[in-house]
Each structure stands twice: as structure tokens, then as C-alpha cells.
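Below, subunit A partners subunit B and then partners subunit C, in two separate complexes.
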Partner chain A sequence: MLLDVRDLHVEFHTREGVAKAVNGVNYRVDAGETLAVLGESGSGKSVTAQAVMGILDMPPGRITRGQVLFEGRDLLKLKEDERRRVRGAEMAMIFQDALSSLNPVLTVGDQLAEMFTVHRGMSRKDARARAVELMDRVRIPAAGQRVKQYPHQFSGGMRQRIMIAMAMALEPKLIIADEPTTALDVTVQAQVMDLLAELQREYRMGLILITHDLGVVADVADRIAVMYAGRIVETAPVHDLYKAPAHPYTRGLLDSVPRLDHKGRELYAIKGLPPSLLHIPSGCPFHPRCPMVRDVCRTDVPPLYEVTGAPAGRGSACHFWRECLHG
Partner chain B sequence: MGRYVVRRLLQMIPVFVGATLLIFLMVHVMGDPIAGLCGERECDPATAARLRGEFGLDQPVWRQYLTYMGNVLTGDFGTAFNGQPVTELMGTAFPVTIRLTLVAIVLEIVIGITLGVVTGLRRGRPVDTSVLLLTLVVISVPTFVTGLLIQLLLGVTWGWIKPSVSAEAPLGELIVPGLVLASVSLAYVTRLTRTSLAENRRSDYVRTAIAKGLPRRRVVTRHLLRNSLIPVVTFIGTDIGALMGGAIVTERIFNIHGVGYQLYQGILRQNTQTVVGFVTVLVLVFLVANLLVDLLYAVLDPRIRYA
Partner chain C sequence: MPEQPYEPERAMAGTGMGGQMDLAASEATSLEKTPAGPEGTGPEGTGAEDKARSLWSDAWRDLRRNPVFLVSSLVICFLVVISLWPSLIASGNPLACDLAKAQEGSQPGHPFGFNGQGCDVYTRTVHGARTSVTVGVCATLGVALLGSVLGGLAGFFGGAWDGFLSRITDVFFAIPVVLGGLVLLSVVTGNSLWPVVGFMVLLGWPQISRIARGAVITAKHNDYVLAARALGASPSRLLLRHIAPNAVAPVIVVATIALGTYIALEATLSYLGVGLKPPSVSWGIDISAASPYVRNAPHALLWPSGALAVTVLAFIMLGDAVRDALDPKLR
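Presenting the complex of A and B:
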């Protein structure tokens, strides 16, 4: 087991009150495995990732409970200096907007080489050579010249390749990609995803892919975890989930994907809005929007039930998962 | 880049002409410069007429301006009414003021940026609040009050410094006056650095730098500061001109015989040549400082390219 997140709770202290962003998340990632974390904005998917990475702004953020076991040791118990050495070297992160995520006043070469000088103590010259190699590796043309350029001189897709190169630099065991293709054109999205998947296979890295794009997920993920209001509401191998969702929220998400054979018909949308994290509804947090809601949903928080009869490791946080699965 | 510099230099010409014309006209309406030359008594009309002719004051204003600018371009700033060439006055005044400005700028950079960084990284903590309050006080109290107060306390009551600077104005004696001169800008630099730092601290590229596992020190110096100081450098650059011209009050308080002192004397005695000459040079300093700032801006921020 590469990464094992157990019962993670994260809160943010704001002027309006305590926002409970993550409420007991559990997930695991093996070496070479891709876990897709799916959810709307505010579902806690990015916050969970930031807590795992150790880049949460604290304060206002606070990890109130849980463990982040990385190769068996709890990262939350490490001192900041030990934690820092893990970041970038053993686990790395790719962000959504590569333009704002790269430093505008440093050349991409400097930003890549920094990984080697800081973590590996390489000389600047060697680090620079490695930076060119990395840019070659992510298929940036004329890497030797472009290494001296600044982020704004690259196209969106090329910039995201540089982010990928930076994350790959020290061959980490785990990569967390937070909506890596959201800011890109559709054609470029596919190229970037392919590159990421290829590199992952080659180095047998664990990959956590955070996204709200169901299309991206289907192609590359092994497993899916669907998040809602800071909880995982369903987790399953990707194809099982697509075939038969075991949670009404997942079903709603799948139904709201535009489909060619539904052309001309009105697009389905889950009614209502995601809950405010300051006031998460009682019982099942999805109950105000759920088409299958019953009395028990308003009072009892559903645990993540094991979905029996399916391949191992499938779970749903719905009291009526059986109905959902077969209905 | 070269073309940009040429264009900027050309743009300086109308600004220079306009600014000097304005000051020339303002001095002209200040009154008759001859009137004050004969002491308490009114001037003898014949003498007055002779002086007017000698200084070219009987000519129309536009003519006076043209003659003056023509002379300036050949390096002749005229003579003050006491017969001393204005260039000679400049030769003694400018080195003193430049020294004072340098002291002020260095203090502004060192103290201002340090305080800004300290507070920007500790927003909301006691250090931050107290420095913020202090800068507010410094900004709201006029320089002549702070200056006189410091002179009184340090110079007279406690006797730590000499209350007035000697004629040669050595560097050591200029430190306290320099601090007074810099005080308001220093407070602004502190606030600007603090805000800029706090803003950039939340930016995506700083988050990336942290996610890369860089030590905190490196995140701050290499990634955060480099970006946050761009507006600060711009401010300090434009401030050079303001400090050189704005030293009038400070120079008067500490009896420093620099540009401000000469300007003050010139205005007091309606010494047209001195006032116009000094202001002309100050206008040039402003223009050049602004151009340098704009060029520096492109060096600091690679996204800006002038064509």
C-alpha cells in the first residue's frame, strides 16, 4: 500500500463559522494505480489532496483528525522539515492552471533545475542539463533553447507539460494531479492526459487524479472515489461504477453527461445546489437533493456500506444502495 | 528596446519644455525681481531701468524664455543677482543634496523593505499591528513636525547629534536628516511591501514552490520576494526625484546647504535665475529617474517587453 488516508477531517475557521471541508475521508492508492477523485467544487477533493501533500494553508485550515499513511508512516506526525523532504521528492503535485502555478519571473529551466539543486544537491550546471532532459521527456520541442524562456512564452499545453516535468523530476512514488486538464483546449487535454498516463505506467507511480470531468476519468482511472460535502459517497472500479452506480448522487452525475443519442432532449441536472460547508445537512448530506429520499436519510448519516455481490472494495454511502444499484 | 528608449527620450522634450515654461511663468508673476534689489528704499528709476536692460527684463516674456532656454542648452544657467553664476551654486548644492538623498534611499530600502517583509509574513500578529500603526502615524504627521521634534530631542535635549549640519555636510551628520527625509516614503515602502507580499503569498506559484518541497527560506526569497518587490522598486525609483526636490523642509530644519536651501533662498529673494535653473535640473532628474524605472521594470518582470 503506497498511500492510505484514514478518517481525515479538515476544517476551515472563517468569519462566518467553521467550514467542515473534509469529514472522514478514507482512500488508498497502490503503486501503479490511478485513483480518480470526482466531485463538484466544494466537495473537498482538492482540500483532501492538499492535506495529503502538506500544503494546506494552516491557519485558516486545520486537520482535526485522521492519518495520512505514506508507505506506512503517518505524514501528519512528521516535523515540517521531514515533511518538506517528502514533498516534491516522493510525492508531487500538478495544478490546474499552469500559467499562474509557474513563477512568472523565473525561467522554466530555473524552476525545473531547482528540484535537483535543492533535493539532490546537484550543481547548477548538472541541474540545468537535467532540466533539458526533462523537457525532452515531456516532448517539448527544442528543449535546449526553450529552457531559457519564461512561462508566458509557452502555450497552455506546453506549460502543463512543464508542470508535469517538474512533478516527475525526482521520480516520485505518488503524483496528485488536481484538475490537470481543466484549463486546456479539448484536443490538448487528450495529449496531456496521454502523456501523464504514459509516464505513470513507465515509472509505476501511484496517481490521484482530481477532476469533475467524467470523460477524463473513464479513460485513465482504475478506481473512482466520488466525493460529496467532504465525504466519499461511492467508491468502485471505474467500469463497475459507470455500468451501475450504487449512489443516487453518482447516478445523477452520470445522467447529467451530455450524450449524442439524447440529442434534442433536455439535459438532466441534479436539482438544488451543493450544501454550504458551514451548514452541512443532517443525516445524509445529499438528502435535500436526492430523488430517492426517505425519512431515515434525514436523521441517520449513512456509513460507507460495502457493496456486496460486486468485485471487492466497492462501497456506497447510501442507505438504499441496493435499490440504487438495481433500479 | 533601443527604439523604445529613443522614443521615450523624444517624449521627454515636450515635457521638459512644458515644465520649464510653467515654472518660468510662475516666477514671472511672482513680482518684479528688481524691486527687492535696492534694500528698503524704492529703486531709483534710472538704476531700475538700467538693471532691467542688463538682465533682459524689458523684453516680452516669451522672448525671455527663449533666450533663457537657449543659454541653458549651452550650459549657461545665468547669474544670480549677487553676481554668482547659478552653475556655481549648483556645484555646491547638488553634491550635498545627492548625498542626503542617497542616505534617505538606502534607509528607505533597508528599513522599509525589512519591515514590510516582517509584517507581510506575520499579518495580524502584534508586530504587524504595531508597525502598521507606526507607519500610519509617520504618514499623517507632516515632515516639519517630525523633523523639528527629532532635532529637538536628539539634537538639543539629549545631545546625541549636532542639531545643525556643518557646511561640508559629511555623511555621518546626514543620517538623522536622511531618516527624517525618508520617513514618509519609508512608511509607504513598508506598507507597499507588506501588501504586495501578503497578496503574492496566496498565489498559485508560491503554492507550487511549497509543493516542490523547497525550504521556507527559499520559497520566500526566491519566489515570493522576487515578485512582490516589483511594485516596490518602481515606487522607490520614482521617489528619487521626489526626495531630491522635497528636501526643502528637511534641509531647512537641519541647515543643510543643498538644493532645497538654495531654492528657498531663491524664492525668498525673488532670484529668478536660481529658482528656474534649479527647478529645470530637478525636472530633468525626475524625467531620467522615471525612464530608468520603466527600463528596470522590464528587467525585473520578463513579461514586459518594450518595442
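Presenting the complex of A and C:
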């Protein structure tokens, strides 16, 4: 077990009140495994990742409960400077917009080399050579010359490759990629995802892929965790989930993907809006939007039921997961 | 296949940083330059397009073509040279006065005439530049250093230190500069420009501190700071390498403009008799001394005040040009 997040709760104290962004998230990632965390904006998927990385802004954020076990150590109990040594060296993060994630006044070579000078204490010259190697590794043409260029001189896909190179620099055991391809062209998306998947296989890293793109997930993920209102509502191996979702929200998500054989028909959309994190509905947070809502859903918070008769580790936070699964 | 940058507008607007001109635009500028610069700026210009470009090199390219910048920096260079070596263009002694010549007009060898004490106005005006430039530069350096360190730390760490510093800033903002100068400097004995500089730093740092605080707060919320944190950068590294270089531009701009106002303030304080006093040579002292005789000898007032006005204007224009060059939204 590489990473084990247990019962994580995160709140944000705002002027309007307390926003409960993460309400008891559990997930696990093994070495070499890809976990896709799927959810709409505001579902808490990025906040969970930032809490795991330890880069949450506190205040206003606050981790009120839970554990983040990384190779058995609870990261939340570490001191900030111990935590910092874990970041970058053992776990790293890739962000959505690579242009704004790179410092505009430093050359990409300087930023890559910094990983080696800061964490490994290498000389500038050696670090520079490693930076060129890394750029080669993520297939940036003419790396030797481009190492001296600034981020804005690269295209979107190239910048994301550089971010990947920075994250990979110290061969961390875990990489969290927060919507790494959302800002890219569709053709470039595939190249970047392929590169990421290839490097992950090569170094046997754990990968948490945060996304709202069901298409990206199907190709690369081993398991999926679907988040809604700061909770995991369904978790399953990727193909089982696509074949037969066990939560009405997942079903709604899958149904709202445009399909060629449904051409001309009206596109399905889940009715209503995601809940405000300041006022999460009682009972099952999805009940105001759920097509199969019953009385019990309004009062009782569903735990993450184990879905029986399925491969191990499949779960659904729906009181009526059996009905959902079978029809 | 090397991918070409495909979102030039985004690159400019999104980061507020070095704008990437698209290829067509850079071609247009080099074409435009070729007829104007027969000495070969054309090929040289295109060579520069390929080189690494940052906020600063972009700003420098803008500044080089800006007449306001060229004129004001020429004036400032001239001022710096004559304040370092005033005898280059005025070999006389500014303290050698001949009462018999008091208030006399322009004469051969004395182009600006004489003041009320019979001193050569030309020599005194040239020698007065040193005081003004020294006070302006030293006060600005002090203010910029103190203000950006205090403001930068407040913006970076936030919390109680920020609250404390912000209230202190408010208190200093509430002190009227001239009144404060009259009160504080009137107790200083001796005749040196350092108390004047110290007073300006004391009252001036809150202005820069506010700007630096704001700039650091803006810069620290950039994604690249979060990304650097996610890759294990320490707080000092975040501040010095990722935040400070991206927050320094507004400080430079405001400091340049403030330099002009400090020169004017030195003259004001000397005029009021609390800054430098005779036998020091300063434009403020000369303006003060000449004002009672303005009807008989206007030249004794005009030359030092003209020099003061041109100097202040040059620094303010320079600050304006630098601000425009560092603001990618105006590009």
C-alpha cells in the first residue's frame, strides 16, 4: 500500500460560513496503480489532492479529521519541513495549466535544474545536464537549445511535458495529476496522457489522475473513485464501473456523455446543480437530483456499501445500489 | 515536429508577463525597421526575436523605442555626470561671491548672472545638482529597500505581522510630510543632508511597503508558486526565487516616480530652512534666497527652479515610461 487516505475531512472558513469541501474521503493507491478521481468542479477532488500533498492554504483551509498514510507514515502528523522533503522527492503534483504553473521569469532549464540543486544538492552544471536529459526523456525536440528558453516560448503540450519532467525529476513514488490535459488540444491530450502512462509504467509509480473527463479515464485508469459533495460515492475497477454503475450519480455522468449512436436525440443532463458546500443537503447529498430518490435518502447518510458479487474493493454510497446496478 | 506557440493572447493576458508576439507581428516589426535603420537593424532585430525573451527584455525593447524614455534618461545621465564632476562644465567656486555684483544680469563668463549675494548663478545651479541627485537617489534606495523588505514579508507571511505593519503604515500615511519635516528636522543641528535623507526614508517607506505587499500577495497566489511548493520548495526559496522577481516591477516604477518627488521635497525643506542651510549649495536654498528679489533679479530664481523642474520631470517621465513598458496590458 503506497497511499492510504482515511476519513479525510477538510473545511474552509469563509465569510459566508464553513464550507465543507471534503467529508470523509477514503482512497488507496498501490505502486504502479492508476486511480482516477472523477467529479464535477467543487466535488472536493482537488482539495483532497492538495491536502494529501500538504499544499492546502491553511487558513482558510483546515483538516479537521483523517489520516494520510504514505508508506505507513501519517503525513498529517509530520512537521512542515519534514513534509517538504516528501514533496517533490517522494510525491509530486502536476497541475492543469502548465503555463501558469511555470515561473515566467525563469528559463525552463533553471526550473528543472532547481529540483536537483534543492533536493539532491547537485552542482549547477550537473543539474543543468540532468535537466536536458529530462527534457529529452519527455520528448522535447532540440532539448539542448530549448533548455535556455522561457515557458511562454513553448506550446501548451510542450509546457505540460516540462511540468511532467519536473514532477518526474526525482522519480517520486506517487504522482498526483490534477486535470493534466484539460487545457490542451484533443490531439495533444492523447500524447501527454500516453507519455504520463508510459513513464508511470517504467518507474512503477502510483498515479492519482484527477479529472472530469470520462474519456481520459477509460484509457489509462485501473480504478475509479467518483466524488460528489466532498464524498466518494462510488469506487470500482474502471471497466466494471463503465459496464454497470452502482450509483445513480455515476449513471447520470455516463448517460450525459454524447454518443454517436444517439445522434439527433436530446443529450441527457443530470437535473439541478451541484450543492453548495456551505449547505450540503441532509441525508444522501445527491438526493435532490436523484431520479430514484426515496424517503430514507432525505434523512440517512448512506455509508460506502460494499458491492457484493463484484470484484473486491467495489463500493457504492447508495442505499439502493442493487437496484441501480441491475437496472 | 516542434509545436508552435498557439495562444499568443492568452500568454500575454493570462500571466501578465512577457507577451509572446506571434510570428506575423514580429515579422512586421522587423520589416518596419529595415528601411528606417539602414545600418543593419533589420537582421539584428530578427536575431533578437529568436533569443530568449522575458518581461525585462520585452520591457527593454519597448523602452528603446520610446522617445519619452530616451529624452528623460539623457537628462538624467547628464544630471548624474554633472553631480559627480560639476567642474566639468562649471569650473568656478559656488561659494565665491562678490557683493558688488549682486543681482547683476548675464555677463560674459557668467551666463546666468548673479544672485542677491553676488554669487554666480550658473556655477551654483550646476553645483546644486549634486545635493538634489544625492538626496533623491539615497532616499529612494533607502525607501525601496526598507519598504519592499517590510511590505514583502508582510504580504508573504500575512497574519498578525501583516496586520501590525499595515496599521503602522496607516499611522505614517497620516503624518503630513512638510509639517513632519518642519517639526522633526528643526531639532536637528548641523548641516548635513543625511538627516534629510533619513527623514524621507522614515516617511516614505510606507508607500513602497504597501505596493510591495500588494505585489507579493498577487504573486504568491500564482499557480507557479503552488506548483513550486508541490515540488518541495522552501518558504525562503519561494519568496526569493519565485515571488520576488515577479513582484519587483511595481516597486521599481513607484520608486522611480518617487525619486522626482524626493528631489522636490529636499528643495521644499531647504526653502523652508529646515533642510540644508548655507553654505551648502542646493537649489532649494537658492530658490529661497532669490525669492525676495524676484522683481529685481528674476534670473536668480528662474535658473535653479528651472533646473529643479526639469530634474523632477525627467524622473517622473522615466517612471511613467518604465511603468508602461512593464505593463503587458498596454503592449
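To be clear about the criterion, the second predicted complex is superposed on the first by the 327 of 327 C-alpha atoms of A that agree within 3 Å, B and C clash if a C-alpha of one lies under 4 Å from a C-alpha of the other, contacts with A are read in each partner's own complex, and residues count from 1 in each chain.
Going forward, a residue touches a chain if its C-beta (ideal position, glycine included) is under 8 Å from a C-beta of that chain, and two chains touch if they have at least 3 such contacts.
This one's a predicted model, so the numbers in the text were calculated from it and none came from an experiment.
Participant: After the overlay on subunit A, what do you see for subunit B versus subunit C, clash or fit?
Facilitator: Superposition check on subunit A flags a clash between subunit B and subunit C.
Participant: First (subunit B), second (subunit C), both or neither: which does A:I55 touch?
Facilitator: In the superposition, A:I55 touches subunit B and subunit C alike.
Participant: Please work out whether A:R73 is in contact with subunit B alone, subunit C alone, both, or neither, and reply first, second, both or neither.
Facilitator: neither
Participant: If you count the residues of subunit A that each partner touches, which comes out higher, subunit B or subunit C?
Facilitator: So, of the two partners, C touches more residues of subunit A.
Participant: Between subunit B (first) and subunit C (second), which does A:F154 come into contact with in this model arrangement: first, second, both, or neither?
Facilitator: Only subunit C is touched by A:F154; subunit B is not.
Participant: With the two complexes superposed on chain A, say which partner A:P141 touches: subunit B (first), subunit C (second), both, or neither.
Facilitator: So A:P141 only meets subunit C here.
Participant: For A:R201, select first, second, both or neither according to whether it touches subunit B, subunit C, the two together, or no partner.
Facilitator: neither
Participant: Touching A:R298, do we find subunit B (first), subunit C (second), both, or neither?
Facilitator: Neither partner.
Participant: Flag for me the stretch of subunit B that overlaps subunit C after superposition; candidates: 5-13, 41-49 or 59-67.
Facilitator: Once both complexes are placed on chain A, subunit B clashes with subunit C in 5-13.
Participant: Residues of subunit A that sit at the subunit B interface in one complex and at the subunit C interface in the other, please.
Facilitator: The overlap between the subunit B and subunit C interfaces on subunit A comprises residues 53, 55, 84-89, 92-93, 95, 97, 100-106, 114-115, 118-119, 150, 152, 163, 166.
Participant: Quick one: which bits of subunit A touch subunit C in the complex? Just the residue numbers, please.
Facilitator: Listed in rising order, the residues are 53, 55, 81, 84-89, 92-93, 95, 97, 99-107, 114-115, 118-119, 141-142, 148-150, 152-158, 163, 166-167, 185, 188.
Participant: In the complex of these two chains, what residues of subunit A are touching subunit B?
Facilitator: Those in contact with subunit B are residues 53, 55, 57, 84-89, 92-93, 95, 97, 100-106, 114-115, 118-119, 150, 152, 163, 166.
Participant: Taking the complex as given, what residues does subunit C use to touch subunit A?
Facilitator: So the residues of subunit C touching subunit A come out as 1-7, 10-11, 14-15, 17-20, 52-56, 222-224, 226-234, 237, 241-242, 245-246.
Participant: What residues of subunit B sit close enough to touch subunit A in their complex?
Facilitator: Subunit B reaches subunit A through residues 202-205, 207-215, 218, 222-223, 226-227, 230, 300-303.
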